[in-house]
């Protein structure tokens, strides 16, 4: 029996349990070294696991409860290439976050490391599980650790608000998830993905199956911050400690989408075959709404972390579009996109943390020119490169993933435009902020909401004060993540590998056979080379993002003038911003409406 | 007979849950929570789940109210003694 | 959104969700009725519980053996929540700790007679023994580590909150509770790793099944119950005491 | 159809609980309402595992051939109960600290992060 998979999950978790007892006794330096060793060990285990999945799916039956007589009562870890790669991404981002946190956090660090390890282990378990209820337990484990991490700065009203909103909305999502599990269990008498998929396949989806699918996916899309379940994300990201944000935006949100793809392709794809396209359209619609809302809100923000948070929402929409296309080519694109986005977004949050470390503020407007005055040249260069990469500039991995989704969705003329919108607007927002902070361009006036000015008032709690130099351990993680994104993007033949992995991911009968009978059958598919035009599209998007940033820097006063006219051009955006009210009851009302709409659309799609 | 008892208990769970939610004052709400917890425990009993009953008793009637009451106490002290 | 708009949005959504859920449950078997498929997991567990594991309580067999990894996750989740609560409720830089005995001098050495204390301690001890009983018999009767753990925690909380403040301070400050919790959770995972070393899988039941119906039956099920008991008890004690400490002793610096 | 009425209870608990959250004017009320919504999950799971005429899944005095209710869902509910307490405890801690800085327990009060 292969021990690597459970170890990859339980090394960080056991590390956290041991550290919880040691943390009050040992010195901070010892604790840091210990955490570093545990994190590196975890990353290595994930890498070994990835290596092993190249020729078979790695299985582990907890307690040795293997399936017998066509019945699987045991709990399984079922690891394929995409699952192992996700776990490895978690490990890499966690490593970067830990290195960054050495110098960054002062207060509350005793508990911080324990929570980060629990968070990491919960996420890895989520990526590796082949069991529906273990998925739920890992979902909750990573949620509880994440709520606590968000509330690290407990003296700050904003932190508490962010943590409360995060916990309330995600709890509502977890109820949906568990109700869905109840329906699936009632129908199939199983909690194993493969066995459920085998039982559901062949019968057209009826009400129970459709409702179970919607409830499960709603729970996961809440974690993935898909409109209208997305409200918690910006509040939580704006206040969470920067190292936690690297993991939140870099991978936690994407895990919701990973889970959606996993449960769909292992459990429901057999039952939805004739209706697959229609259900895909529902997901495409949700993804499109998320891209637009996230992108617009991103561009309207002045708080750096909140700006990045909304950018994550927009990009989550792109990934959901990749899933909604319902074929393995698009899924491969989405997988590459997740890696590309996770690395870039991790780097960007690290950069925001550096700005905070140096200046004690995060508000773009009040920071105008401060980056130049402080001579933060390396940071400014990294910021601009990250902004371009976020827009989809080649040869970074995010642009590669985007072109793969574009190719796979060739049937929809509007798809490239939608994806380009996400990249141009979020990349443009990052470039605009860099221009203002590091170049001193633009004006320092703008339309301000409480969230914009929030940073100035409270953020100084995270670090001691404004510092004069950027320590190497702070900038190194950003540099490493960006470099890694470049390496992945330049990796010759990566697209082929991922397409094969994705084709195996969606191969439900082979998955079921591997789990239930132990006979693995890995298909290989012919892959096609990405179109040459992809490079030009990426360059065009990056150029558009630069143009958008420059125009918005130059035209700031114009926006103010628009407002004074009789027709208020800002009004629609003001409505959008007012909807993000920061109040948990509002968010739960939207959650309920969203669940009803998603359910109604699926009803139409399945009928 | 079984069906009648089950129906009665389920109805009481629904009613008491609604009462808890509609009781807006937190302290009154904690009091309203007791009949809800009891009816929920009865429901678990008639659904033949003794392990869940035991858990629900220790959680619903012990751990949970203690935590909520202590938190309410702290909120009150915050107000008295800012 | 104002209250009316919010209520409107919610109610529209709620009507939709209700209708949708009804569509979902309409396809289920009637309450209390099942297809053989739906019952196969239960039948598999029942077939395994008593003959294979010598555990008469099938639920505990699921919690601590067949799906033991869920319980490992649950102990870790509890750890995360407690660490989070300790962190969030810690003393802030602009707050001070006013030891409870200074805060409420009238409670120090109240005229509580020795007899009262003896009664209190004996009642607490009785509840504690009940908790131990529930922990130890989890594989036989309803109960187990979690339920027994909370019962175990109750007397500690009551004694500490009711006791003289000196006693409260002596037992609350310091890391003993946290260390015990960490040891218990680590031990739980340690049992899991032992199964891996045996080559039978994480959390495999590596101890012999014992004889059905005795305290020593069911192998690691009993062992894991005994480990989970203190893990849960310390978690509950830490949660309650930290809120109490926050309530009584922490206040804004003047 | 009458056989399906018990499932309505789960839907009702979920929606009543969420209604309480959506209309709440006090954070503690919000947390309590959230726990009511969570009760829907216990109820649904136990209902789908109930077997007409089945006894509790404990074989102390009964031969193991008797009809019993599903032990698996009961195990799932046990885990779910722990999760509920853990999340509530954490939420209460946030609420206590939030109240110190904002002097309000009203979730609909203006929030520092809005827009």
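Just so it is clear, A, B, C and D label the chains in written order, and each chain counts residues from 1 on its own.
We adopt the following convention: contacts are C-beta pairs under 8 Å (C-beta built on N, C-alpha and C of every residue); 3 or more make two chains touch, one makes a residue touch a chain.
Note that the coordinates shown come from a computational prediction; the quantities given were computed from them, not determined experimentally.
Chemist: From the centre of chain B, which chain's CA centre is farthest?
Modeler: A
Chemist: Using CA atom averages as chain centres, what separation in Å is found between chain B and chain C?
Modeler: 18
Chemist: In angstrom, rounded to a whole number, how far apart do the mean CA points of chain A and chain B lie?
Modeler: 37
Chemist: Report the inter-chain centroid distance for chain B and chain D in whole angstrom, where each centroid is the mean of the CA atoms.
Modeler: Averaging C-alpha atoms per chain gives centres 11 Å apart.
Chemist: What are the residues of chain C that contact at least two other chains?
Modeler: Residues 6-7, 10, 14, 17, 21, 25-26, 28-29, 34, 38-39, 41-42, 45, 57, 59, 67, 70, 73-74, 77, 80-81, 84-85, 88-89, 142, 146, 239, 243, 246, 252 of chain C touch two or more partner chains.
Chemist: Residue numbers in chain A touching 2 or more other chains?
Modeler: In chain A, 133, 137, 140, 144, 147-148, 151, 154-155, 179, 183, 185-186, 191, 581, 583, 585-586, 588-589, 591-592 touch at least two other chains.
Chemist: What are the residue numbers in chain D that touch two or more other chains?
Modeler: Expected reply: 5-6, 10, 14-15, 18-19, 22-23, 47-48, 50, 53, 56-58, 68-69, 72, 74-76, 78-79, 82-83, 86-87, 89-90, 92-97, 100, 108.
Chemist: According to the definition already given, which pairs of chains are in contact?
Modeler: A-C, A-D, B-C, B-D, C-D
Chemist: Could you pull out which chain C residues touch chain A in their complex?
Modeler: So the residues of chain C in touch with chain A come to 1, 6-7, 9-10, 12-17, 20-21, 23-29, 34-35, 37-42, 44-45, 48, 65-70, 72-74, 76-77, 79-81, 83-90, 92-94, 175, 178-179, 181-183, 185-186, 189-190, 192-193, 195-196, 199-205.
Chemist: Give every residue of chain D touching chain C within the complex, in rising order.
Modeler: The contact residues of chain D facing chain C are 3-8, 10-11, 14-15, 18-19, 22-23, 47-53, 56-60, 64, 68-72, 74-76, 78-79, 82-83, 86-87, 89-90, 92-94, 96-97, 100, 108.
Chemist: Along chain A, where are the residues that touch chain D in the complex?
Modeler: 133, 137, 140, 143-144, 147-148, 151, 154-158, 160-164, 167-168, 171-172, 174-175, 178-179, 181-183, 185-186, 191, 234-235, 238-239, 300, 306, 449-452, 454, 457-458, 577-578, 580-586, 588-589, 591-592
Chemist: Quick one: which bits of chain C touch chain D in the complex? Just the residue numbers, please.
Modeler: Interface residues on the chain C side: 3, 6-7, 10, 14, 17-18, 21-22, 25-26, 28-34, 38-39, 41-42, 45-46, 49-51, 56-59, 61-63, 67, 70-71, 73-74, 77-78, 80-82, 84-85, 88-89, 140-142, 146, 213, 232, 239, 243, 246, 252.
Chemist: Residues of chain D touching chain A in their complex?
Modeler: 10, 14-15, 18, 21-24, 27, 30, 34, 37-38, 40-41, 44-45, 48, 72-73, 76, 79-80, 83, 86-87, 90-91, 93-95, 97-98, 101-102, 107-108, 110-115
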